[in-house]
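One chain, chain A, links the two complexes that follow: it is found with chain B in the first and with chain C in the second.
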Partner chain A sequence: MLNVENLSVQYSAFKALHGVSIKVEQGQIVSIVGANGAGKSTLINTVSGLLRPTEGSITFEGVELTTMSAHEIVRHGVVQVPEGRKLFPDMTVQENLLVGGSHKRARAGRGEALTQVYDLFPKLMEREKQSARTLSGGEQQMLAIGRAMMSQPKILMMDEPSLGLAPIVVQSIFAVVQELRNRGLTVLLVEQNIRHSLQISDYAYVLETGAVALEGTGASVLADDHTKAAYIGSPTGSEAH
Partner chain B sequence: MTFSLSVILQAIASGLMIGGVFALISIGLTLIWGVMKIINFAHGEFLMIGLYLTYFLVTQFGMDPYLTILITTPALFFIGIGIFQVSIKPILKHPQMNQIMLTLGISLILQNLALVLFKADVLSVRTRYTGINYTVGGVVVTLTELIAFFGSIIATLALYYILKTTDIGRWIRAAAQNPTAAILQGVDVRFTYLLAFGMGSACLGIAASLLLPFYYTSPTVGLFLGLIAFVVVVLGGMGNFLGAFVGGLIIGLTESLGAAIMPGSLSRVLTFGIFVLFLLFRPQGILSKRQS
Partner chain C sequence: MRRYREFLIPVVVFGLAGFLPLFLKTYYVHIGILILIWAYLATSWNILGGYAGQHSLGHGLYMGIGAYASTYLALNFGLTPWVGMFVGMAFAAAAGWFVGYATFRYGLKGAYFALVTIALAEAAVYVVSNWKAMGGAAGLEVKYLGTNPFMMQFDGKLPYFYIILVMTLLAVLTAQWLNRRRFGYRLIAVRENEEAAEAMGVNTLGTKINANVLSAVMTAAGGTFFAQYFTYVGPRVVFGEMVSVQILLFAIIGGLGTVWGPLVGAVILVPVAEIARAELGTQFQGAHLLLYGGVLVFTMLFMPKGIVGLVKSVRSRIWKTPDDSVSAPAPEGGAS
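Up next is the complex of A and B:
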């Protein structure tokens, strides 16, 4: 479905990604994990068209994305939930959602999508008329996800959805990610919460200094000695199931 | 010096009337700033174009001055987006100083172009609305001022309604609050900037048609009105719609009261004195909270 091939991205003198190839199949949850600065956000921002690659190609359902402008990529169904939510703080919850559903392909089903989002996140309905800045961190993340849902994504790319949230809220966000997949959505998940994201992933890539260091099913990456030593840091036998 | 109550009341009434038009002019400027963080120093000259256009439609074609709104509004919209496309869009990401120089340059070009085309004459129109007054409790209000006031209020409300309830309005606000996030919702932010610039300029078309029946036009008319708009926008808080509206009324009142109680050209001291005080003590404007 999404095919990233041999992707290189450079910020002036600094090469953030070199030769990264990843694949996401329809209906999967695929994780990109790795330390801070490994190039995870660079990768999905390049897929979103916010950054331009120096080399490589990104195709979605066979269509090349690297020559498309960022807003067109969204209209094609490749939608990002950005790191740090990036809500419209002075607009109400409902207005934030409506902006998400305002491009041409999404507009027809907007009422239905709104019902679905409120169904998934009843808290958002309660706060419909409040401005986004008044929401708690968890609610803001729900709104960011809901807003992305409004634009009728075919693939949802989530950048650090659990960042800065209380553990109990993190649980519910991961539950939402699984729920979205169960509803047929494809998810590309970028996370620092490595153990948790690998547990729910069908497939995973470990990024290290801008290159894929390891890939495999979520379970196999989780079981890998290198992953354990480098990221999970728990002595053998203590990991959760 | 003593001031009679009726002089003060008269000044308040006239100040409010012209203040409504100041508000409409300023809302155009604050909209453009709020969305793309560009201060259009040619804003006053765009208004001048509108005033000349109204003048010629009335004098050459015998149009009703208020009917010219149907022409001046779209004309200024398209002039605005034309100038935006050619000159402002290419430097949107450039340092602010370059943008200031560019819009100042456009303002000078337009002023001098007007000087060449229309000479330095001060032009005004006489219409069938001229000379009709209403007296309420000793205060005289002219029909043209009344129409300008209510026309400006209606235009302001209409713009507010568009920004508040339509997709285009939400795009404009979203792009103003977080352009990257707007792009990630599929919003074409460049197109949104174009629309916002056009709408901000279109306000001047409406303002020009409402203003000319009791005002004048000249190549330098935009100098003063543009400056007033700038003062209002600072007063109301840069980019604050409601603030620009309230600020417009306040500056209208200040101008008018200043003229009534201070001798001659000293009256301007009051307006720009307020401006300086705001810059010093409340740079975020009357209604805005300080940016966190």
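Up next is the complex of A and C:
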């Protein structure tokens, strides 16, 4: 469905990605995990068209996205939930959602999409008329996801949805990700919360300093010795020493 | 019916304002006209500056284009300013598109965008000053014909008052309409977080250019009225920095990005400035400019959302509606 091939991205002197290739199939949850600065957000932002690659190609359902502008990419159904939410703080919850559904393809089914979002996040309906800045962190993340859903994505790319949220809220956000997949959406998930995201992923890539270090099913990456040593740590070992 | 209720309030307010000149001396009708001119221009500016958050400091460019186009066509071809106004608006649309494309296409924002707009308006002052057909530095005088509705000329002040009253009403209705339209949401989304707007499928470049064009077109119509009322256009008078600065002054003081802000700003500030000018003008020239500066600094420091913003937050405190004015955790939350 989404095919990223040999992608390289450079910020003036610094090469953020070198030759990254990933594949996302319809109906999957695919995770990109790795430490801070590994290039995870760069990858998502390049697929979204917010950054331009120096090399490589991005295709979605056979359509070339590499040189398309960001708002056109959204119209093809590739939508991101940006890191740190990036809501429109002085607009109401409902207005935030309406902006999400304002492009041509989404307009026809907007009423239906709004019902779906409110069905998934009843809290947002209660707070419909409140400005986005008055929401709690978890509600803001829900609004960011809802806003992205309004543009009727085929694939949703979520950049660190659990960032800065309390553990119990993180649980519910991961539950939402699974619910979205069950409703037929494809999800590309970027996370630092590695254990949790691998547990719900069909497939995963580990990025290290701008390149794919390891890939495999979520379970196999989770079981890998290198992943354990570098990112997770053995649950029993550390206290013994 | 409910859809149209929000438009009813402006219509009623302006309808009532229409009775005022019947009880006022000519001088106060003149002040009323000044208020409405600036309210109209500031409302036009507010679409780009307040809604879309792109602070143009060169709206004199569009005002000048409107003023000069209708005046030139009336003098040389006897064209009625009622049509000349639309010619000016067409030219302003082209200029607005060009300025928008030339700046936004290359990602100019904030102070950089403002600087380019100042430069372009200032360049227009010099171009027109050296353009013989446009009267050069001396400008153009609207030929006085006595009362002639066809040429938008009247001996008394009342007809001018009603023309600008209707124009301002239309501008306020446009702002009100934007508040509930997809295009309006896009403008605000661009202001609040341009990158997020783009990531949500908003064509931010097109949105900003369209906002500039709409704002320029409306401003140009104000230019035509200005020329007809003062029967004179000069390069500095209509293209100059005083025009560009005053336009945004009323919008900022009244409340950026609000429907009523520019009008409220003009209603409060224009009379005060006029009194200062009339009372102190001889001993202390430029007293009203000093006043503008002082009020602007005060507004920035103590009520950054302008008068309308202040009223809104006081009202929400009294009625205990969901309080939007209290700053809760910023939605940008978390590290980046």
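Keep in mind that, in the parts below, the second predicted complex is superposed on the first by the 234 of 241 C-alpha atoms of A that agree within 3 Å, B and C clash if a C-alpha of one lies under 4 Å from a C-alpha of the other, contacts with A are read in each partner's own complex, and residues count from 1 in each chain.
In this text, contacts are C-beta pairs under 8 Å (C-beta built on N, C-alpha and C of every residue); 3 or more make two chains touch, one makes a residue touch a chain.
Being a predicted model, the structure only gives us computed values, none of them experimental.
S.K.: Record, for the superposition on chain A, whether partners chain B and chain C clash or fit.
M.R.: Because the two structures are overlaid on the shared chain, the partners are seen to clash.
S.K.: Please indicate which partner A:Gln178 is in contact with in the superposed arrangement: first for chain B, second for chain C, both, or neither.
M.R.: neither
S.K.: Regarding the shared-chain residue A:Gln26, is it in contact with chain B (first), chain C (second), both, or neither?
M.R.: neither
S.K.: Once the structures are superposed on A, label A:Ser131 by its partner contacts, choosing first (chain B), second (chain C), both or neither.
M.R.: So A:Ser131 only meets chain C here.
S.K.: In the overlay, answer first, second, both or neither for which of chain B and chain C A:Gly164 touches.
M.R.: It touches chain C, and chain B stays clear.
S.K.: By residue count, which of the two partners contacts chain A more extensively, chain B or chain C?
M.R.: So, of the two partners, C touches more residues of chain A.
S.K.: Would you sort A:Gln140 into first (chain B), second (chain C), both or neither based on which partner it touches?
M.R.: Touch partner of A:Gln140: chain C, not chain B.
S.K.: Output check: A:Thr217 vs chain B and chain C. Expected answer is one of first, second, both, neither. What do you get?
M.R.: Neither partner.
S.K.: Show me the chain A residues, by the header's touch rule, that chain B contacts in one structure and chain C contacts in the other.
M.R.: 48, 50, 69-71, 74-75, 79-80, 82, 86-91, 95, 98-100, 102-103, 106, 147-148, 151
S.K.: Chain A touches which residues of chain C in the complex?
M.R.: 182, 185-186, 188-189, 192-193, 195-204, 322-324, 326-336
S.K.: Which bits of chain A are touching chain B when the two form their complex?
M.R.: The contact residues of chain A facing chain B are 48, 50, 69-72, 74-75, 79-80, 82, 86-91, 95, 98-100, 102-103, 106-107, 147-148, 151.
S.K.: Hey, which residues of chain B end up touching chain A in the complex?
M.R.: Those in contact with chain A are residues 167, 170-171, 173-174, 177-178, 180-189.
S.K.: Please name which positions on chain A make contact with chain C in the complex.
M.R.: Touch residues, chain A against chain C: 48, 50, 69-71, 74-75, 79-80, 82-91, 95, 98-100, 102-103, 106, 129-137, 140, 147-148, 151, 160, 163-165.
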